[in-house]
Structures are given as structure tokens and as C-alpha cells.
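Heads up, the next two complexes both have chain A, just with different partners, chain B and then chain C.
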Partner chain A sequence: MTSAEIRAAIIDILETIAPDEDLTNLDDAKEFRDQMELDSMDFLDIVMELRKRYRVQVPEEDYENLVSMASTVSYLEPKMVDIPAE
Partner chain B sequence: MPRDFLKDVKDKYDVIVIGSGLAGLTSANILGRAGYDVLLLEQHYKLGGMATWFKRPKGHIFDISLHGFPYGMLKSCRRYWNQEIADRIVPLRGILFDNPQFTLKTTYDRASFTDLLQSKFGVAEATIKEFFDTARGMNFYDDQNLTTKELFERFFPGRNDITRLLMEPITYANGSTLEDPAITYGIVFSNFMSKGVYTFQGGTDLMIGLMKDELEANGVDIRINCSAEKINTEHGKVKSVTVNDRDIQCRSVVSNANLLTTIFKMVGEEQFDKDYLEDAKAVRVNNSSTQVYMALGPEDHIDRDTGDLLFTSTAERFETNRLLSRDITSRTFSVYYPDTRPHDQRERHLIVSSTNARWEDWGNLDNEAYEASKQDLIETTLDALEKYLPNARERVVYTEAATPRTFYHYTRHHEGASFGTKFEGLPVSQALPSQITGLYHAGSVGIIMSGWLGAINYGVIVSNEVDQLLMQ
Partner chain C sequence: MYDSIIIGAGMSGLAAGIRAAYYDQKVCVLERHYTIGGLNSFYRLRGRNYDVGLHAVTNFTPPGAKRGPFARLLRQLRMKWDDFGLSPQLVSSISFPGIELQFDNNIDLLRSEVAKEFPKQIDNFDKLIESLVDYDDLEQKHFETSTRERLEEIITDPLLIEMILCPIMWYGNPRERDMDWGQFCIMFRSLFLEGFARPFDGVRLILKKLVRKFRELGGELKLRTGVSKIKVANGRAIGVVLDSGEELTGSNILSSAGAVETFKLCETREDIHAHTTGQLSFVEAISTLDKYPRELGHDKTIVFFNDSEKFHWERPMDDFCDVRTGVVCTPNNYCYDEKDGDLPDGVMRVTALADYQRWRTLDKSCYQAEKDQWFEKVQASAARFVPDYRPHVIDTDMFTPHTIHRFTWHENGAVYGATRKWLDGTTAIDNLFLCGTDQGFVGIIGSIVSGISMANQHLLARS
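What follows is the complex of A and B.
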């Protein structure tokens, strides 16, 4: 997957986790928490969805990489490069 | 021949979940939904653990632990259960406090508290905001030395009345005291405070029924009247569970039974490191409870203005210790109107009074003293109710009491603990899989993982780890 495809995949996951949030104006450089209501269970859900959909493992010590869209995508890039886009 | 509750059970499962409390049910559901072969064992004949109810002749249905939970339940039920369950979560609007320091009504959310603290308690808005933001910003890896008492002193020095307002409901909700770490307060309080107190419309029986349907749809093999006796290990890994004289193989176990029972009775000390055992032995269980269940006659009704949840006390000052005393001065009354079970044509009005309690005050009484103490509990509760329900004694047509012994009997929790363990239980629970590969504990621990929402969310956190292990 390219970084653009990974970004789209994350948006798709966020839409199921937080259906009430408007993600069209999401600023990739800013922390998710500052732009939408996400708690620790929401971050866990992102991790679980990534494993379910793409079999990507995110160990607990790496959760801090999921703070913003930009950091999430760059963390996932090497892990998802060999995964074909849907 | 006694009935075989394990009839047609398989020889091997991916996961065996021991116990069907909300944490166990949720783990079983998530792992079943993810496609694993899951066996759920429950020693009682009902699912739900402390999320339970009982029926009495003439149509009375009493809920044990449906007094209120935070808004977060809605999201957790939608995601980890289904929309039908989430749709039944509704707010409770009439939360009342009545004690010698103040009497007030609130919707129990941040806006209402900010308003009350300013208008009735004379606190500056900036202080209130700072307090809420501090509580909200607390994480469980933050400083554990600051106590809840110190937190209140910092923001509201010398204000026992404010401590009461902010703390009393939390003490009832999870047994925590002013001496517990402030972070436990901050995490639980900010959860509760965001959007008020909620309940499940339809009653606990309906919720557990809907959960059972969902589990079955996800292929979970559910077995009641099946008490897991032993968790067997081999080379530091779980191997099987002994239940009703049978050994069932498995790749992992999620124990929703009491943490200490799991370690010391089901696995056995010899399987753990010395340091781990020491930490485990130091874990304190939380307090227990008493309840008095009261029903009104079929023709009678309670005025809606009475409120839904009443935090009452006759004690001049607030001290968490006194909430545990057998000499009861503080009670929470939950009032159940017919819309608790809108589908029920009988339109009953019920009241459940709850107090926190100590095992020592009930556990060792002989039968006669125990019965007398129970009767005394009922009588004094009816006296206290009079103020909120005029002529209570004549109008209440059915009463029954539950004590720490009752809670022990139904859940097997050490000393009838209502809310799991104190804070130190959480790291011991989380470290279990590092001691025995494939063995997890999910259930009320550490104060923050307690209550309906805490138990459900801990079930999710643990399932995530189990999934990670099984996928390898």
C-alpha cells in the first residue's frame, strides 16, 4: 500500500470508530485528540481493526506512534508496504 | 443420572473463558466474532455475574447492579456488542443529594456541577475548570502517591461539603476511599462526569438476554452450571481446564473469576515466580455491599419528582470510612419506575437501597445473629426511606435483604467483594500472561477497571492481547 492508501484505510477505520466526527478537515500534522474526541479505547480499536483488516500487529509500546495521522502513516508504511490495496 | 451440562462439548478450543461477568461475556463475544473457537463456562445457572436480577412472586423484578453507569457504555455496547443493546442506553435525569451539609438535584454532568459549585458552594469558575481539567487529564501511569484526599485539598481546601458532593457517588460506584490514589478518582470521575448517569432500559435481564443471543450468533459455546476447578499448565503454558470432572484442551484461558482465586486456587502457587506471588498476596480486595429490595403494591406509584438516584446521609460530615460502617448513616436509593421495563404490563414501582459494607461485620455471625442483623437492616432502611417516600412502611409490600454473604454466595468473590480489588490488583492482573503463556485475567480490578463499563472495557483490552497471541 502507498502512504495515500494507508491514509485512506485509517480514515475508513476512524469513520467506523467515531461515526459522529467530520473527518474532511482533519489536519494530518495535528494530534487526533486535539481535533476529535478519542479516548484510549478508541486507540485500541484502531489497533484491533488494523490487525483484523490487514493482519498488522501494533505492539503496546508502539501505541505512541498513533497520535496524529502523519505519525500513524509513517509508522505503518514499512509494515504495510507489501500489502496489496483493496 | 444428573444432567450433563457439558454434553457434546468439544475436546479442544482456541479460548476458554471462565466466568460470564461482563468482562468474561465481552471477551467471549469479541474472540468469537473474530472467528476463534470459544467455550464460555459459568458456575451459576445464569449469565451476567454481578450484572444480575431476581424475580419474586407477584411480578417483582429486582436489579442488583443497575443503578447507573457512564455515557461510555453506549459506545462500548455499540462496538463490542450491537446497536440493539446500545439503543437501550438512556440517561437518568434525577440525581439527588440530601445530607446535613446540602440538599440539591443535578443531572450529574460537567455543566450542572460547574453551575452548582459556583452558585451553591461559592467556588470560582476558574478553579472548577482547573479541577475538571486535572481530573480529565489523569492517566493510570501518572503519579500514584497523590491521594484523592490531597487532590481535593489542593483545589477545595477545608471544604468537606465539596468533597462529599464530588466523592460520595464514586465511593458507592466502586468502593474507593479518600486514601486511594487520586488517579483512580480522576479516571473514573472524568468518565462519569462527561455526560451524566445512564441506565439500561429494559432491565438487566433483557440486556443479558440480548448479549446471549449475540454470543450464540458469533458461535460461542455457552455452558452454565459448569464450575472450572483447575487451569492446567505444561512448560509454562496453559494446556487445559478441568471442569465437571473433564479436561478440555485450549490454547488460551481468559479467567473472569476473582484474580486471587485464579492464581492461588485454579492455577496454584507452584506455577509462579516468587516476586509475582508476593505482589499477588499484597493485593487488597475492595469492600462488599448490603442491599435492601423493596416493592410497592400493584396499585401504588412513586411520584417522578422523587428522583432516580438518591444519595442520602444523616452523617454531619463526609468520611469514606463511615460509609462502610455497620452503623449505617448513608444510603443510596435507586428508584425504579415502570419505564425501567417498558415491555412489562405490570407497571411496578420498586426501590433498592444500597450501602457499602465490610465482610467482617457479616461473615462470622451465627445464623440467628445473621438473620436478626438482616431484619434490622430492613427495618432501619424503611425508617430512612420514610423521608423520601411518605408512609413507606405501609406502602412497601415486599422486602428482602442482601449482605456480603449473599454476594459471596453468588459470585465466589473473596469476602463478597463488590468491586474487585484495590489499585495494586491491576498490574498483577496484567502480568499474568508473562507468568503463564496464554493465561489472562479479565474482571474488576484496580478500581478503574470496575463497574459495568470498566469490566466491559477490560474484557476488550484482554481480548486484544489474546487475539495477538493466537494469531502468531
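What follows is the complex of A and C.
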């Protein structure tokens, strides 16, 4: 997957978690926590969805990489480069 | 072998089940009764729909709000704000003799009412709001301090203290006379800083959505499946024995049956908490009218009334009920969508305190006679604080502590459960956890949040 495809995949997961959220104006540089008030359980759900959908494992010590869209995409790029886009 | 066995298909058990199922657990929810809902259920009688429990969904926040229990719940259950179909209240009141405080879903109204009726107390009232503990900062140690003592330090007019306590105790205090400060903070937020709302179709809408979601995710819901025993080996819960004798094994057991009720199911009987059994139960007189309440001049959503300057929150000592205080709920008086219009009938529900021990010992004919008698007394008491709707009653129903016990299995028919709460949900038995009323959150949103957070902490952390 390219970084654009990974971004789209994350948006899809966020839409599942917060169906009311309008993500069109999501600022990739800003923390999810500040923009969407996500808490630690919501992050666990993102990790779970990555595992379910793409079999990507995110160990607990790496959760800090998931703070914003930009950091999430750059963290996932090497892990998801071999995964074909849907 | 289940990953998680959940006891009770009320709001908290179903929500916990959804969380476990999201995480691909093999999970079942066991319900003794033939229907879902527990404390918040629904039924049909003579062609009309009734809600049990629900007067108002508290913790209401408008669409787009990202903070607070309701917003958190929606994300955790992957639901849309619209899924709950909530319509906000019109206006409610706290009515004491000769004095009334109105409030709605914006704290400014209550503030201005306090400023008008208690001009010397408005600064103190603001101080009270500032001193409330936030949901996330509740700790067992501070949770149990006396609310009356805290209020007396802040507010110097005893009448205002009683008027604040009346609605808050009515909507969630399991203790007699005083209240845990933590519980007070939760309730003050959910009633006054968040607010009241109701789904047009009542509580059934929320319950049905929860069940559908749980089943879609592969969860098993077993009705008419009571648990007679929780099997414990070497201090660990390992499974349950059903009323039928069948045994189920599970890695974790989460019980919404109540604390004392759950401990009684364990083989290693833990009686040390028996003294925490709640004592407060209710009757409710439900009337269907031939007019809408607003046509009789009644436009309030909820009226909390008390007929003297002192509010008595205790089990009736020498009678079946205590009608000095009560709650009048008018399900018609919400801002429903124009497309929905109004409910098919006018409805008035009046709740009063009742003594479970007296109600449970009655034989069938005496039970009916007491019901009829107290129905009249409860209505007459309410008629002092709302327009007298009695000439317009065309159908009635009533629930008593006996009914509450039958549907919830709570000891003493205690609606708000035990007098202490198990905030972290753990018990002396490994792998056995509590959620629901006795974990600490009450109300519809509160109990759903309880199920979610206990599942997250105790069922998912290990999967």
C-alpha cells in the first residue's frame, strides 16, 4: 500500500469508530486526541482494527506513534508496504 | 468454553457483550427473564406500550459533543448519535411548598432560578459546580465521603440543599438519607450539566439496537437462562451453573446482577457485603389520559416534588409507601421531531418510595387491594404539584417493589442497588467482575458506559 492508501485505510477505520465525525477537514499534523477527543480505549480499537483488517501488529510500546494521521501513516508505511490495496 | 460469560441482558451486560464481541471473543449474555432490559425494560398491555424504568435518558449531550459519557459510548459502540433517537426535554422542576426551581438542558436556567429564589446563594451554587469531581477522577477513597457534609460547607441555606438533593437522590442514590459524594458528582453532571432526553419510541429502541449489534458481531444471547451458581476453584471463577443444571465454562465472568446478588451465587459464599444491600424501592402509578397533559396546562417533562422543607430519602418505616416526595414524569413533554408528532396517548407516571418487605409478604388478593389503594394515594399526592389529571384517566398500570424484584432480581427490589459501589469492578474472586448498577454508574447512558469500561478493563485486556 502507498502512503495515500494507508491514509485512506485509517480514515476508514476512524469512520467506523466515530460514524458521526466529519473527517474531511482532518488535520494530519494535529493529534487525533485533540481533534476527535479519542481516548486510550479508542486507540486500542484502532490497533484492533488494523490487526483484523490487515494483520498488522502494533505492539503496545509503539502506540505513541499513532498520535496523529501523519505519524500513524509514516509508522505504518514499512509494515504495510507489501500489503496489496483493496 | 467461552472467553467471557456475562450475567444479565440489561444495558450494561449487552454493552459489555458488544465490546467483547468486537474483539472476536466467544461471548454469551445470560438472562434469567424472558425479555431483555433488566431495570430498563418495556412491555405492552391492552394495546399500549409502556416503559419500565426510563423517565428520561440522563447524560444527554447534543449532536457533535465529543466529551462526556454519551459521546464516549457512541464511539465505543460504533453508533451514531441518531441511533439513540433522543429528543431533549422541555423543562423540568423541583417543587417544594411555595417554591419551585425550574431547569432544562442548559445550566443557565437553573442558575437564574437559584439566583432568583436564593439570591444570597448564587455564588455558593457556582462554587458547588466548580467543586464537582470529573467522571475520570473518581476514586474509591473520596467517592464515599458525605454529600450532606460537603454541601453544608458550600451552601448555607438548608432549603436549597434539600432542593438540590431531591432530584439527584431520586435519580440515583442507593443510600438512605445521605449520599456518596462521588455518586452526587456523577448525578449532578448527568442531570444538570448534561441533561434529559427520551427516544420517541422509548427504551425499546435502544435495547433493540444493542441486541442487534451484539448478535451481528456473533454474540450469543440466551433468554430464560438463569444462573444458579458461579463455579469457583482455587479463588478463581471458572464457569456458571444454569437453573437447568447445565454448566458453562468461561475464562472471565462479568456480572450485572448486583454485588450481593453475585456473591450469593458463588460457591465460596461471601457474606461480608450483605450489610450493603440497598433498602430503597419504588412504586410507580402509570396513567393513560384521554387528553394530552399540555391540554391540562402541564408542560413540564419531570417534576420532582417534596411536601415539606425537609426531604426524607429513606425506606418507609411504617407503611407500604411514602408519598411525601415523588417524581412525576410526562413522556409527552419532550421536543419530539415534527415528523413523529406526539405519543398516541397522554401519559403521566408518578413514582413514590416503597417498602419491599411489606409488599413481598402480601397474598394475591391483598396485593391487588394495596395496589389499588396506593395508586390513588400516589396520584393524590402528585396532584398537589401538577394539574389534577385524575378525571382524564382512561387506563392504568402500576409496578411495585415486588415487580422490580421479579424483573431485576435485585435484593429488596432496590432500584439503585447496593449502598456501596465497586468502582473498579473487581471482586475477591479472580476472573469475576461486576458491571452495571453496583459498579457505580446508573441511568441508561451510565449503565452502558459501565458495561463498556468494565469489559475494556477486565475482559479485553486479557484477550
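Note that in this section the second predicted complex is superposed on the first by the 86 of 86 C-alpha atoms of A that agree within 3 Å, B and C clash if a C-alpha of one lies under 4 Å from a C-alpha of the other, contacts with A are read in each partner's own complex, and residues count from 1 in each chain.
The definition used in the following text is that a contact is a pair of C-beta atoms (placed from the backbone, for glycine too) under 8 Å apart; a residue touches a chain by one contact, two chains touch by 3 or more.
Because the structure is predicted, anything quoted here is derived from the model rather than measured.
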**Request:** Name the contact category of A:D45: first (chain B only), second (chain C only), both, or neither.
**Result:** both
**Item:** Which superposed partner A:T2 touches (first chain B, second chain C, both, neither)
**Value:** neither
**Prompt:** Which partner does A:M36 contact after superposing on A: first (chain B), second (chain C), both, neither?
**Reply:** second
**Partner with the higher number of touched chain A residues, chain C or chain B** = C
**Asked** After superposition on the shared chain, which partner residues are touched by A:S74: those of chain B (first), chain C (second), both, or neither?
**Response** neither
**Asked** First (chain B), second (chain C), both or neither: which does A:R55 touch?
**Response** first
**Item:** Residues of chain A contacting chain B in one complex and chain C in the other
**Value:** 17, 39, 41, 44-45, 48, 52
**Message:** Using the touch definition from the top, list the residues of chain A that touch chain C in their complex.
**Reply:** 16-20, 36-39, 41-42, 44-45, 48, 52
**Request:** Using the touch rule from the top, collect the residues of chain B that touch chain A in their complex.
**Result:** 34, 72, 75-76, 79, 457, 460-461, 464, 467-468, 471
**Message:** Could you list, by residue number, the parts of chain C that touch chain A in their complex?
**Reply:** 22-24, 63-64, 66-67, 71-72, 74-76, 78-81, 452-453, 456, 460
**Request:** Note which residues of chain A are touching chain B in the complex, please.
**Result:** 17, 39, 41, 44-45, 47-48, 51-52, 55, 57
